[in-house]
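Going by the order they are written in, the chains are A, B, C and D; count residues from 1 in each one.
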Amino acid sequence: MKFRVSSVLEYEVRSPTTLILSIHALRTPTQAVLEETFTTEPSVKMEELTTAHGENRFVRLEVNEKTNLAISYQATVDTRYQVIAQDQLEAVPVVELDGSVIPFLFPSRYCQSDKLYRLAYSKFGDIQNSYLQVVAITDWIYENVEYLSGSTSSQTSAYDTVTERAGVCRDFAHLGIALCRALTIPARYFTGYAYQLNPPDFHACFEAYIGGQWLVFDATRLAPLNGLVKIAAGRDAADTAVASIFGSVVSTGMQVDCQVLGKGFVPFSRENAHVKGLSFSG
Amino acid sequence: MKFRVSSVLEYEVRSPTTLILSIHALRTPTQAVLEETFTTEPSVKMEELTTAHGENRFVRLEVNEKTNLAISYQATVDTRYQVIAQDQLEAVPVVELDGSVIPFLFPSRYCQSDKLYRLAYSKFGDIQNSYLQVVAITDWIYENVEYLSGSTSSQTSAYDTVTERAGVCRDFAHLGIALCRALTIPARYFTGYAYQLNPPDFHACFEAYIGGQWLVFDATRLAPLNGLVKIAAGRDAADTAVASIFGSVVSTGMQVDCQVLGKGFVPFSRENAHVKGLSFSG
Amino acid sequence: MKFRVSSVLEYEVRSPTTLILSIHALRTPTQAVLEETFTTEPSVKMEELTTAHGENRFVRLEVNEKTNLAISYQATVDTRYQVIAQDQLEAVPVVELDGSVIPFLFPSRYCQSDKLYRLAYSKFGDIQNSYLQVVAITDWIYENVEYLSGSTSSQTSAYDTVTERAGVCRDFAHLGIALCRALTIPARYFTGYAYQLNPPDFHACFEAYIGGQWLVFDATRLAPLNGLVKIAAGRDAADTAVASIFGSVVSTGMQVDCQVLGKGFVPFSRENAHVKGLSFSG
Amino acid sequence: MKFRVSSVLEYEVRSPTTLILSIHALRTPTQAVLEETFTTEPSVKMEELTTAHGENRFVRLEVNEKTNLAISYQATVDTRYQVIAQDQLEAVPVVELDGSVIPFLFPSRYCQSDKLYRLAYSKFGDIQNSYLQVVAITDWIYENVEYLSGSTSSQTSAYDTVTERAGVCRDFAHLGIALCRALTIPARYFTGYAYQLNPPDFHACFEAYIGGQWLVFDATRLAPLNGLVKIAAGRDAADTAVASIFGSVVSTGMQVDCQVLGKGFVPFSRENAHVKGLSFSG
């Protein structure tokens, strides 16, 4: 499926500043970036970075003087996904996990899985199949946490959300990840553009590693899984912030858009989720 | 300098279990493992893993039945370090940082740098030189946090320690890392064997990225920096646990040792630290 | 019912010290202290205090020199309680609550009810009768929190326990209180001697204000409610510590005992709890 | 000194609701309420409550139907205070404290003094005189915590503020109280009207018990101490909320005012604080 994604970020830059942005569509075997443009007004020095931690395409900008900075990104992206029957999605025992996956078992800044073992096992420990465990986690979050804009901050973590029971997509994802890791299921944070997300914005959900691949889950139910265009995957929001800013800067505006190109988009049905999972892995 | 390091870990394994150990001396351009032996009694399936997250040599063990398991590691290691004058140790601006270093600016499970900005800037923001900032952080921790065995747990984080003012080497390191990151200095957790550490144990301290290399710092002052033999570096203790255990296991014993081979070990003097840093980087 | 209660506390006092103890059986209209002895060895200056915050009989000791201090308390206590049918136990609306009860609606050190509103309402909000709400809270804690000696510290609060799911009687009580207050049911911490508690120790549970009186609840199920001899009631453990110590002191021993006098003690059955509550109020 | 204080609170009441307000000027031996009016529009059932916990004059309102509610309070208040030389302000040893003062040594919801012992002693433990300790605490908070509207929430506590270093009057007061209690100085939360506070609002500061009386301290330096008109004193903000609301209500407006009557108001100089304290106690 082809998508047209775009974002515009506007800043008032008050001092020499470095910005590290995570807004580019990722290039993967299943996600082709057919064309893209990235511009800033005024023009500033930019550079693309890669790290070995998770998947991302950081762009680093250097702004040397006070200015009003407008950043525009547009891309046409072709995504491909697999739908996998639940009965093929068994847990990978730790003893068989690839070394690159193991760090996603460990707790991270916003996903304190080490504090959630008892709770996770008491709620989800009796479910035999790992895929169904994650479905149950996702359903539980949807049913028990209220989606409430403005209820949380950039410091809110899964440990807060599991009790306070309110948050936004970021918080839903962190709690999902923390509960998975507490059950020894590798899980990571997924950021992207999301078709049919209303109001339009960057979106966050999570991936869990089951049956040898990363399956995508979204406890918010705010957008169809097959309408996602991936920007980055990391341990949690600390790895994948839309903008990490080193300098004195005020955000003055943001617009995000994601449209499908062509007809025939059929949303991946959540009703199916109990029997089929969706993966953007090859 | 050559060191003879060893560790013995003993466990009562009560169910089929996977253990991921981080006790091997790392192989780096400046740390040669001249010889090493790793044995378990009884013999179990083992495998060495690598991840792209930090530096480590995880060993994964598969134990399929109830048993008393003894794990023994011994190695002869040749380490080399540089001593660098403070005036060559300027901060690397974010705009010049290598992509592989950037994740060590982000907060992590035990190092919530995002909550420590104001405190870090008020205490250390006036110091111009980055190396001297980290020296000041290290001194401040030494002077303000009491080393107190048993005062903390595996859930204790820098956010706790900065207020509660007691902890062990792990807590001292986490607080140092968090304060560095809050000042936009990349920092990572360092685990190793430590000559002259008393009582002998695995040790933890931290590295900060200054002047284009990783410098090592130890706020505990419990062992000379040049007596360290590196096991792993990671974001924090979540990445570098001595043993991550997936199964029902009780620890029944541990011995750690680190001896220098040959004569002439001259401890790197802490009094020098204000003018010279020590790096195990090439 | 008559009880013989006793406690011995032993301390090594290393500096001039003031101790505030809360170990005396309370005197109330339904709890008569028939006789009691309180002695210390060596003899020190002592004084009984009362405060208007909660119910208690603090005893303050002044120890002016280094010594090994042994404190002994023994009492014969006659307690009387009411058993009240559930259908007489309706909530008292805030608009009718006595001013002295209102502070027990507010959050306190270990009972952060302000963080538990959503959780409390989602779990217990559909239960119409207040008494049955508290029974459901008590059952839920019993079923979801593991009683595990040594798993918590004096800093552990309800906000921790609701997620970490392990604790001791103090933690069970704090969580019960916090959930009640989150539902606008006044609740307070209850400390006492407890017949049939095994191993013998001071005990903690809680009281909720329903139907115009304080009903007692114990989520641990470790001792019969009608075998309790009350020492104090307060907002939480901060108000009712067995010993608050101002000086350099090491605890060297403690024994607690509670025996029924005479025959015919019939434990108040928990099975009855769903239809009948127990109150030590007049 | 005579003051004219007033407040208007406006609410949209969406369901039957009980409000407990703490906006009345307190009546004490040193604070005479010469005249006051309290009205609501529409008229609703109201009742004044007292509790033995702290000092307050709660007013409870019963609103039985949906309405826009306007609450108006006006009073003329005559306050009297003592200025006491520092050298008369010695600590009261715990062994001599009145029972009614002792609860203000204990930690409370927003003042976790039990977590601040080491920090408080390391910073302020060397100061011999208790009054000067509290002056030092107050100065330290002023110098190290940024007054920043909107930076904190109703859940923010002293444990957060000591590290995050930003807050409003409530947070400054909580931190002052927590540090005092950690040093075994009884301390309580003080709410009031404040002359010359800009912008006008309800104010919070704290009292510490030294030399046998409650001395008032304000780490914000936003209003002169002798321009305060006391509303309530309690353990912390949990005891003294301007409005505790039990029902579905939206706040739609608030105005607060405090004017001095007559001429000749001489602000109590902070420069004097190091040698003289101010108390509203008799």
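Going forward, contacts are C-beta pairs under 8 Å (C-beta built on N, C-alpha and C of every residue); 3 or more make two chains touch, one makes a residue touch a chain.
Just so it is clear, the structure is predicted and the values come from calculations on it, not from any experiment.
Peer 1: Between copies subunit A and subunit B, are the contact residues mostly the same numbers or mostly different, with half as the line?
Peer 2: Looking at both copies, the contact residues mostly coincide.
Peer 1: For subunit B versus subunit D, what separation do you get between their C-alpha means, in angstrom?
Peer 2: Going by mean C-alpha positions, subunit B sits 46 Å from subunit D.
Peer 1: Using mean C-alpha positions as chain centres, tell me how far subunit A is from subunit D in Å, no decimals.
Peer 2: Going by mean C-alpha positions, subunit A sits 44 Å from subunit D.
Peer 1: Could you grab the centroid distance between subunit C and subunit D? Build each centroid from C-alpha atoms only and quote it in angstrom.
Peer 2: Taking the mean C-alpha position of each chain, the two centres sit 30 Å apart.
Peer 1: Specify, in ascending order, the residues of subunit D that touch 2 or more different other chains.
Peer 2: If we look for residues of subunit D contacting two or more partner chains, we find 115.
Peer 1: Could you draw the chains as nodes, link the ones that touch, and say if you get a line, ring, star, complete or other?
Peer 2: ring
Peer 1: Judged by the touch rule stated earlier, which pairs of chains are there in contact?
Peer 2: Going through each pair of chains, those in contact are A-B, A-C, B-D, C-D.
Peer 1: Which residues of subunit B touch subunit D in their complex?
Peer 2: By the definition above, subunit B touches subunit D via 115-116, 118-119, 122, 144, 146, 159, 162-166.
Peer 1: Can you list the subunit B residues touching subunit A in their complex?
Peer 2: Residues 18, 20, 45, 49-53, 58, 60, 62, 93-95, 99-100, 102-103, 105-109, 112, 114-115, 154-155, 184, 238-239, 244, 246.
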